[in-house]
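Letters A, B, C and D mark the chains as written, and numbering starts fresh at 1 in each.
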Amino acid sequence: MTNTKQLNIGMVGYGFMARAHSHAWSSVAHFFDTGYRPVLKAVAARNVSKVRKFADAWGYESVEPDWQALIARKDIDAIDICVPNDLHAEIAIAAAKAGKMVLTEKPLARTAAEAQPMVDAVEAAGVPNMVWYNYRRVPAVTLIHDIVASGRLGKIFHYRAKFLQDWTISPDVPQGGQGTWRLDVDAAGSGVTGDLLAHCLDTALWINGSISSLSAMTETFVKERKHAETGAAQAVGIDDAAAVLTRFANGSLGTFESTRYARGHKAAYTLEINGEKGSLAWDLHDLNRVQFFDHSVEGQLRGWTNILVTDGEHPYLGKWWVPGLIIGYEHSFTHQVADFLEGLKSGKPASPTFREALETSRVCDAIIASGKSGQWVTL
Amino acid sequence: MTNTKQLNIGMVGYGFMARAHSHAWSSVAHFFDTGYRPVLKAVAARNVSKVRKFADAWGYESVEPDWQALIARKDIDAIDICVPNDLHAEIAIAAAKAGKMVLTEKPLARTAAEAQPMVDAVEAAGVPNMVWYNYRRVPAVTLIHDIVASGRLGKIFHYRAKFLQDWTISPDVPQGGQGTWRLDVDAAGSGVTGDLLAHCLDTALWINGSISSLSAMTETFVKERKHAETGAAQAVGIDDAAAVLTRFANGSLGTFESTRYARGHKAAYTLEINGEKGSLAWDLHDLNRVQFFDHSVEGQLRGWTNILVTDGEHPYLGKWWVPGLIIGYEHSFTHQVADFLEGLKSGKPASPTFREALETSRVCDAIIASGKSGQWVTL
Amino acid sequence: MTNTKQLNIGMVGYGFMARAHSHAWSSVAHFFDTGYRPVLKAVAARNVSKVRKFADAWGYESVEPDWQALIARKDIDAIDICVPNDLHAEIAIAAAKAGKMVLTEKPLARTAAEAQPMVDAVEAAGVPNMVWYNYRRVPAVTLIHDIVASGRLGKIFHYRAKFLQDWTISPDVPQGGQGTWRLDVDAAGSGVTGDLLAHCLDTALWINGSISSLSAMTETFVKERKHAETGAAQAVGIDDAAAVLTRFANGSLGTFESTRYARGHKAAYTLEINGEKGSLAWDLHDLNRVQFFDHSVEGQLRGWTNILVTDGEHPYLGKWWVPGLIIGYEHSFTHQVADFLEGLKSGKPASPTFREALETSRVCDAIIASGKSGQWVTL
Amino acid sequence: MTNTKQLNIGMVGYGFMARAHSHAWSSVAHFFDTGYRPVLKAVAARNVSKVRKFADAWGYESVEPDWQALIARKDIDAIDICVPNDLHAEIAIAAAKAGKMVLTEKPLARTAAEAQPMVDAVEAAGVPNMVWYNYRRVPAVTLIHDIVASGRLGKIFHYRAKFLQDWTISPDVPQGGQGTWRLDVDAAGSGVTGDLLAHCLDTALWINGSISSLSAMTETFVKERKHAETGAAQAVGIDDAAAVLTRFANGSLGTFESTRYARGHKAAYTLEINGEKGSLAWDLHDLNRVQFFDHSVEGQLRGWTNILVTDGEHPYLGKWWVPGLIIGYEHSFTHQVADFLEGLKSGKPASPTFREALETSRVCDAIIASGKSGQWVTL
């Protein structure tokens, strides 16, 4: 590994996503030989004691009191943004201007309008950039993408995806603040649309191409919540649930749904695609499995094949264990880092770039708009 | 059984549904002691050799050359209509006027407008009437209904149902004629909406109450097919696929989808309902199972319970075998006959009556209308 | 149906199995055109009121006070024995001597020694005979048999089967008497071995050939139970659970297990066979499904295919409904009757004949013997 | 983290298991605050280029040419043995004598006779010691252990476990050498018994207590293989498959099976335990799930509950992500390291210690002996 280059990471934030990203940066070189070795150089956040504790646990070499200080450092190669959505744009644009590589947790920003200058900034600066739509890198999802791309399903008729959770059913869950900013429309931009549907849409656009029009229904079941820090009652501005009918450019029909009010579902992202010659399905709760119906099999033996995606010939799996031994959620981030590093080496950027992720933001905006207007929206 | 009354059945038609109904009429008394013994008295159809063969196989005592002759017979108590949808209204109205009990295969008619006079006729005549929405009588579905009705799920947030098939993907499937009249809009009234979604809607209205508004997307993937008998190329008038967003009167959101272009799905009617305190789900392909998530269970042990609905205390099951031994599709018809006969005895009509089924037709009409207009429809 | 022959059935017994058999006899001609029409001519049992009620429900034309009277009737073609195991031999031998066709519920008798004269009697009389090992006629099981017989799995390495129940866990369940004679060793001959393992063994011998040696462990968890009728405490003589290691003549290894103490399992008969080129599995609780692993599929797409055995090209299914609509437990009996009638027509007896079923009894005897001795038994 | 102690790890070996252990050592402090920070200090192996590459990928600070040199280093606190089974004893004993903590990959040694001096050595030296039976630390398995230990299942009747693989079906797979030493009886001690059944037995002894007697069937399907390095044909000395009947000290019956000839199964370790009041089951391929049947639930709603073991209140899960996001195979090693470190802190050794793992070796020896003798063996 004498030829590996060191890549110094500057992390912004120390929450749930910062942990997932840090794990990916710190373990990728154990499994993937990309020619780069990420180093956890510094982490920035305003809460001194929390960021210090985070830095100690993960072995960050230093801490900074704010993202401006982090960006100002000469020894940082890449800025990784793991803070609420309303902060993405400012930080990313500043980082790009400083010539840093920029990675941001999804969604790119609260709206497409807010995201557009981010795209402009990274492209103007010519810096590598990526949005962490990690589910593309679940091996089962990558396998589905590759099978569809091979044409094996023939003409596509249907695409359907759902992302169901149940953690906000109680009206006692507060909004705003550190653990619950996703319920605060000012911080998040939207509710389940930007948080959950955005994942479904990113995958769908990748696998099934662009969406040409849509009609959405959105709902806010709990109209008022207390603020997590102030305790003040506030109107809820986010969408608690969203369901969408779509037409794809390839002529297929799509249905999408997301909610945090589906009791019994924790992170139930499921997708299915039906083509003339076959169908494919996946469920995040069983993330190592693909369901495949191959119509070309002889009649008596046709059925849905449950593919346990753990063999060396499956995407990414040759780097892990042996057949039958499953991997988990965080591996998708490790794969994304591996692809990002491969992209640095090859000069072919890992997707989704800011530009690619902007399209997902546009669809999210259309969903919110249609939910309000009751009209079909053409994209 | 000295006290059992004989109920003479007059069947119209000899196709797939006539077989399912005949099985129910002929076997119900073996398992259910309702006080009635149905007798397969006569079957009417124009194709003499086919109806004769059908009558022999099932033990019908006689055949009639047309439904008019059947209705004219004094010894027939109940007319059971198993012919294409466009014939339901005329036969049912005539039967009611002749004072016969009337049962018709679903949907009630091609449209609500066509169905309304049927409702009027049976009510004017005061004759027992029922529409064969048989899936209500799958024990698992009945169990779901009963649990929801008990209030155990609390406030309902979501209802979703799909009915997926794949048998019309090939453009070589003809339309019109005996086996494929469901593809002929003149005979069927609509495509998947009246054939498949109607089942989903009947169940949903029964379990979750009325639908107040909806927005639909419909599509005809194959635009032209040959007629099964003439071979002439014809425009396809039915909806091949339909997806619907609904708002229920109880404040919950619904999503419905049906298609005959979902490769790998044969008769995949699935439903799920999410409430504050729990969720329930069912799949026709595993019709003896209910999935139940009970949020009241202690945290570490919570999950989806797979209830094998074969115990004596489950709906209808005490009449069949022993725990663990499953029943199949046709049993739902047997249960429906049992309930119809119980209704005769008790004077409390078995549901859905013509009037109840009319509501499903209204929702179907709204789906077709919204699919065309692109607008939300208020019911 | 002018060419169909009438076959007059004389039933002995009116319990659970008599219901299943009667359903098969009464409905087979509705679905299968075998050239025979079974007629429920008479049923015999000593309990006058119960047998009368049973006859009324099922439409038996007459009742007889005992099996001797039934056998004496000239108008009975076939005797169907649905009484406890200790009565099989005497009735079957008498029926054979009277020139009747003889069908008996499984197992053939309490022991192979008791069964041998039954075989001798039907063969001496030259009368058609069959034992109701119905699970062979579950379409999924038939499909597995046919795939294995085609050689598609290659060399076989493993066969494993279990039949798990949980209904005798409570020491309060009595033994003896009408509903619980299966717990009385005098009536049943053995416990789970003859009742449940016998099914597993019949299927295994059919699919995987003969067993050459075995070692068994048997256990009686509840040592004493009250008699159902007298209330007297009695020692329990049956095996509550049995587990068996076997070597098949084809070189494969077998494991078998049966118990009535596996909480949560109602009638969980499962089997699996592993060959060089593929594997097959089945579960009675999902009786319409076969799991198939086909090693010849390309690596990335290999997996266990869940075959929904409801298509017209699957065994027996062409006679029932349409793809996706499942059938249940009792259909296996209807199929067995259909095969029996086909055998009458073709002269090729439907299996298992008494002689074939005798082999299963021999293996059962070896299990009980090995469970007592702790030694391997060579068959 | 100023109070954390550094623990210097010396790894012996660089193969599959060395990777899994290294991942655990290097990531445990990111998630578990045990007061210790493991440091990958040195790795020893004879193949210079391979060990160097391994050290680079994982960040080991140095390499040693053999385990003797590693043990001789003063700066190493713990020796982790990840080499073939025949080398465990010598290394472990030397490490113990040198006062090092000793951890060895399972099984402890090739036989109990070989393992006993290892137990003696670590106990004489008073050094912390542990065997990597990692599956105990799968959260679902830990949950099962805890539920059983709570008495919630009541009296236990049955325990069954299987570990099925299919990677040695081809006679072309060689034996001996680096990747295939598990097929060489001299290196491995036994075949599936020590490699796979040992895992099942470790879990069973932990959950269900000691085994009092057993009867086994073992088989070698492929009698001769080429040596991986020399190419010379050699007799195969290992057991390719083993099936075992056991009686546990608590009166329950056990069945165990393991094979590398079960086509379609990759690492299919499954277990189930049936008690008077409930049952529990688990499958390594779905390692985040527990199946639980709770007989205390009201009758209509009873069933097998599929518990997705990803909530914060589940064992170990509070340290990972959020509900619904699964973890994988390697996490079990991280948990084992966390428990080992907790044991250092608390002085209560993490299980299984060498002494505890010796019991598993004894049962393995009894299986091999019974497989040869055909006799029951009392333990």
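Note that contacts are C-beta pairs under 8 Å (C-beta built on N, C-alpha and C of every residue); 3 or more make two chains touch, one makes a residue touch a chain.
If you're wondering where the values come from, they're calculated on a predicted model, not measured in any experiment.
Novice: Going by C-alpha centroids, which chain is farthest from subunit D? Tell me that one.
Specialist: The most distant chain relative to subunit D turns out to be B.
Novice: So using the touch definition from the top, which pair is joined by more C-beta contacts, A-C or A-D?
Specialist: Taking the two pairs in turn, the one with more contacts turns out to be A-D.
Novice: Express in whole angstrom the distance between the two chain centres, defined as the mean CA positions of subunit C and subunit D.
Specialist: From the centre of subunit C to the centre of subunit D is 42 Å.
Novice: If you average the CA atoms of subunit A and of subunit D, how far apart do the two points sit, in angstrom?
Specialist: 35
Novice: Can you compute the centre-to-centre distance for subunit A and subunit C, using the mean CA position of each chain? Integer Å is fine.
Specialist: Distance between chain centres, rounded to whole Å: 54 Å.
Novice: On subunit A, where are the residues touching two or more other chains?
Specialist: In subunit A, 265, 303-304, 308, 311 touch at least two other chains.
Novice: For subunit B, which residues count as touching subunit A in their complex?
Specialist: Spelled out, the residues of subunit B in touch with subunit A are 153, 157-158, 160, 164, 166, 169, 215-217, 219, 221, 241, 243, 245, 247, 251, 253, 255, 257, 259, 261-265, 274-279, 293, 295, 303-304, 374-376.
Novice: Can you check the complex and tell me which residues of subunit D touch subunit B?
Specialist: Those residues of subunit D that touch subunit B are 143, 147, 290, 292, 294, 297, 299-308, 311, 313-314.
Novice: State the interface residues of subunit C toward subunit B in the complex, per the touch definition above.
Specialist: 1, 16, 19-20, 22-23, 26-27, 29-31, 33, 53, 56-59, 165, 167, 265-268, 284-288, 308, 310-311, 321-331
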